[in-house]
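The two complexes that follow have chain A in common; it is paired with chain B in the first and with chain C in the second.
After this line comes the complex of A and B, so read on.
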């Protein structure tokens, strides 16, 4: 927390009409501080290789797949739900896209998005109308989607090297910026607008904050709950396109533990697991924080196991800070 | 256990509980404002009073859950350490709450010893638990309750006996029973009374809280009346005439609290026809006119809140319909009700009405965001401006639309809920206990707002447990009892006494609930 005040001060003065409340906002700024500290530390530890534009763009590209998923996850968690199935769903969406690979890139994209939305809708139906607890419903989908991916693909990755448009999403550039990063930033901006500037976003947070009050205010609660899991599925579809493009293949074994990465980013960003408080900027910064640390530790040649321990410590610290603010 | 137990002679003369000058203030409200009474060993002391009189707060103070602002609670002559429920348990004070706080999946003997299980080494001493549970139930003359049965499979009365056995397992010398008869039928109440008499024969003192005045002479030795947080009569003999008690409960007249009664117009806005949902609401029909403030009175549990929820569409009715301006509402769809012009301020603002961590603007606009949607995005400036205007008109303090609702007092939070429906330009307002948890000054404000709204042509339905409120505010008052409309009274000529008489069960040979709902 010691980094918060310094980080918060310039932000606050720039926006005088900021609501005095939002703990989420405070945490966003705390994360700005964390990101700054990592950048400075990285520049000192690995001069010449960490804080370079090439490396930073690389970080953004690496962050993009989980990042897009985390934006969708933010909406789910805002309602007080959770989606454990996103990692498996990425594989299923990728594989289904691969089934249409012979018909061209557009069909691949449609297939991947369609599968993401379809599986998301199954989650959504079970949770919103079947009244299954989100943890259980998406745990079931976690195993089902992985099974489907392996089954449909016959356990074999399929090369999509010919699909240049899909590969462009993974490896291409737009005026020097990785296209995957552009997609991630675009999804973040749309997510931010949706959450903060539309009626729909207001309803999502209201449902998470107080379901009964939302219902009494006339909000169709099951419909909102349904929609966030479909949205998560759509984000999974987009992530599947980015990932397949980068790997130049549609593989049934990708996406392992993506759900944990996404949830961790959302939570350290300041969105409350209990629902009712959500921040897209926080999620974005959470994703970037993890990507920077991963990148720095890799540059330092530290082993994967040390990276895992570090990641765990960060999650724990972030949640403890949230506790204390409460 | 303590000095008192080893000196029975001293115990016999000294009250097991003495409450002196007890005061409890919550922010913005005085829950208790001077309570004095005592309970002698072996006595059943009845505690009566209208809703909101402070009975629950008193129980919480006596059982050590909340800390009194001032005054003393002496248990067997010793002051009770505050804020320590276990300390009062240790001193032999046990409470049986209205909603039985038993875990349904536990067995009877497990429930009785929950939290203080006898152990042998690290393991539970099940044999001893069973044996002692059996003894306790025998002591209560209920050896027929199987100690291995799951609590959830027992009838409510038997569950209550288990609760009492649990209290006894703590060596209770003072037992507080909060409306124990509310969930029992007539035969079960007799059983309960037998159990209570057995306890008092052993020297246990009992505080018996009830809404049913008829129970006072049947079970009580003395009775204390609580009203507006004060003991208006303490330690009266239990055979005090019922009407005297009712008059004491109604207490001081409320002066000039209410604005002039609005005059209803001819046009009928809300029609309710044959609306029912088992078991809470039997078929009910009535109409409300524009400019009318219709009151619905009755005791807690009479089905008033359930009726409002049916009208508003939060619950689906078994039969019947609701019409607004002659158009039938889709049942079970609050969204449709709102579109037709209904607004609802629920009983529990905090858990049902508001998003406490949101600012005022967002709480006010929540039901009407469509109005501010311009090309997909929200026009937040217009939203904030309109919310501020509504809040100002209701004289909300503070009316700063960026403030967080949690920081407001109860009365002003209620205004935020009202502002939401005014922004929506609703035609019918359903208000459930609109002044609960609101202090007297803010009450007057809310009465003024309600009256102004009616004058402006809204139809207002007010559910309240405070009879004085209904009498002072409403043009017409319906009284519910056990899910039925039992009376319709003209507001201008109604008296609290009259409403209360309609609301409690008729006095006959067996004055308890005629049927188990």
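After this line comes the complex of A and C, so read on.
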């Protein structure tokens, strides 16, 4: 039995790997082009403040929270699933960490990660074994986690100004690079290795590509599906630590619409919403693209309506360019 | 100015309404309505029995809304003779309308309503009014003037106006100001923004105070943080920051402190949260906030009780509760924070 998946899985992926990888690579290069265009345009429009090392590090730091979530989301979407609850879960995880704030930074981190994993497991159980559609299961968690966040916190933000270690994650630096960005890059690298260099990663993509084939090949499909939502929960926990550190407080009203930001970054990066095709590098570039757009539009102090239209146009253009190059 | 322009027609409408009611050939019409209503419900509230008040507000998505519901509950309890049926937790207007329908079924003496959206909740408020249940609307205006008995609200324009005056004083009409707005395109944001600009224009007509950046951050701290971080990158010389909300301001404060620029500027909030008041008391970056007081729901419970009993406000000459009350946007600074702190939420 144990040899069956090993024998079958490579066979399956060998038929889909080549087109998948070339496609992914082209899409990634296309996004590099988009990022380059934004950088050049920004340098011309805002010569004094945009393309400075200070501001670029600022963009990286801002991208880190949604970025870490988007890496987890990539695995979920790779299986053909979706997680709408990540934004609310960030709030719940922050708030639970905040409950342990008096016991020090380590307890805060454990609390936040634990809550992220716990809520992720609830999603995972409902979807993998309860056979609830991911959209609905995570929509339920979307409201539930927000409610829990408000309930546990008594609707009040909790100051964690004294937790030096947690705040370091948000505002500290490692040889001049924001620690939040270091965490984001580290999570990206681990995610890349997991997806591209392990059997687990192949199984995740296989489950998203053709569930029935994966099952016949001997992959424990429910277990793979379960794992990706737990992984998403873990990423949410990490993001909650970064965000709380940046805010110096654990607030129940943060994380609004992060799910959309994360999903958009994953999809613009080239991961297929239908599952079966995933790229971590693409997700990373997708997150950076959105962070750069937000940063540049704010620097320009454009009216919000113009910002929204511009942002929409850039997203559309980016996706169209990718489609063409394929 | 806008307030006056806004108030005059309202007062006229109110006056007309009063005249129309009063001159209605027989005053017994009103009385009999009151009487039938009293017989329908248990006890007779007009004679000092218990008053049954239904309360509906949207789900508490942040501290202010939480305080609204809490204050209403607390006031009902403290009054002693009020039975409160409170319904909360809905997040959209249609669900709230259904909720209010259910509340009306229980035949309350009065309904206190904070509508999620004024126009969407107008029909159901009209229905309650038609059934003889006086409706006290809190915070957000209904679409049709006849749909409610009384409207009690805060002063969003006043928040901007007070803030503008405060900035003019503090900056002596000279400096670079950043405005962090709430949700773009809603009335609260527009009024808080317009009041601020109007006051600055009037106090500093030579334009010495420049609004160098004005961006929405949706009333949430994480967006406030990111938006302010970007603005700090763009502007190296900022004298003051006007934010539309205390919760959101927490994130703006973090951005400024993380950048180590808290000595360069000062900041004000709006709303009157406990956390903001503590910061103001401590001094430093957070210099002031402007009340948008959630105690208005407690006042609404009191008003509903008076209306049911047919009483007016003691200090007013008129025998009835006014049809509109605006709670002022008090400026809270280090000087008066001690006495106002208990109003914080």
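Definition applied: the second predicted complex is superposed on the first by the 284 of 326 C-alpha atoms of A that agree within 3 Å, B and C clash if a C-alpha of one lies under 4 Å from a C-alpha of the other, contacts with A are read in each partner's own complex, and residues count from 1 in each chain.
The rule is short, and it goes like this: contacts are C-beta pairs under 8 Å (C-beta built on N, C-alpha and C of every residue); 3 or more make two chains touch, one makes a residue touch a chain.
The structure presented is a predicted model; accordingly, all values stated were derived computationally and were not measured.
Asker: Using the superposition on chain A described above, determine whether A:255 touches chain B (first), chain C (second), both, or neither.
Answerer: The second partner, chain C, only.
Asker: Quick one: is A:301 in contact with chain B, with chain C, with both, or with neither? Answer first, second, both or neither.
Answerer: second
Asker: Check the residue A:99 against both partner chains and state whether it touches chain B (first), chain C (second), both, or neither.
Answerer: Once the two structures are laid over each other on A, A:99 reaches no partner at all.
Asker: In the overlaid three-chain picture, which partner chain does A:310 touch, first (chain B) or second (chain C), both, or neither?
Answerer: neither
Asker: Any idea whether chain B or chain C touches more of chain A?
Answerer: C
Asker: Let me test your reading of the model: by the given contact rule, A:155 touches which partner, first (chain B), second (chain C), both or neither?
Answerer: The second partner, chain C, only.
Asker: Thinking of the overlay built on chain A, is A:247 touched by chain B (first), by chain C (second), by both, or by neither?
Answerer: second
Asker: Once the shared chain is lined up, is A:121 touching chain B (first), chain C (second), both, or neither of them?
Answerer: neither
Asker: In their shared complex, at which residues does chain C touch chain A?
Answerer: Within the complex, chain C touches chain A at residues 60-63, 66, 184-185, 212-216, 218, 220-223, 225-227, 229-231, 233-234, 247, 250-251, 254, 257-258, 274-275.
Asker: Which residues of chain A touch chain C in their complex?
Answerer: Residues 46, 49, 52, 54-55, 58, 61-62, 65, 146, 150, 155-157, 159, 170-171, 243, 246-249, 251, 253-256, 294-295, 298-299, 301, 304-305.
Asker: For a test of understanding, state which residues of chain A touch chain B in their complex under the given definition.
Answerer: 17, 19-21, 193, 197-199, 202-203, 206, 209-210, 212-220, 276-277
Asker: Under the definition above, what is the set of chain B residues touching chain A in their complex?
Answerer: It comes out as residues 312, 314, 334-335, 337-339, 344, 346, 351-359, 362, 366-367, 369-370, 372-373, 376-378, 380, 402, 404, 420.
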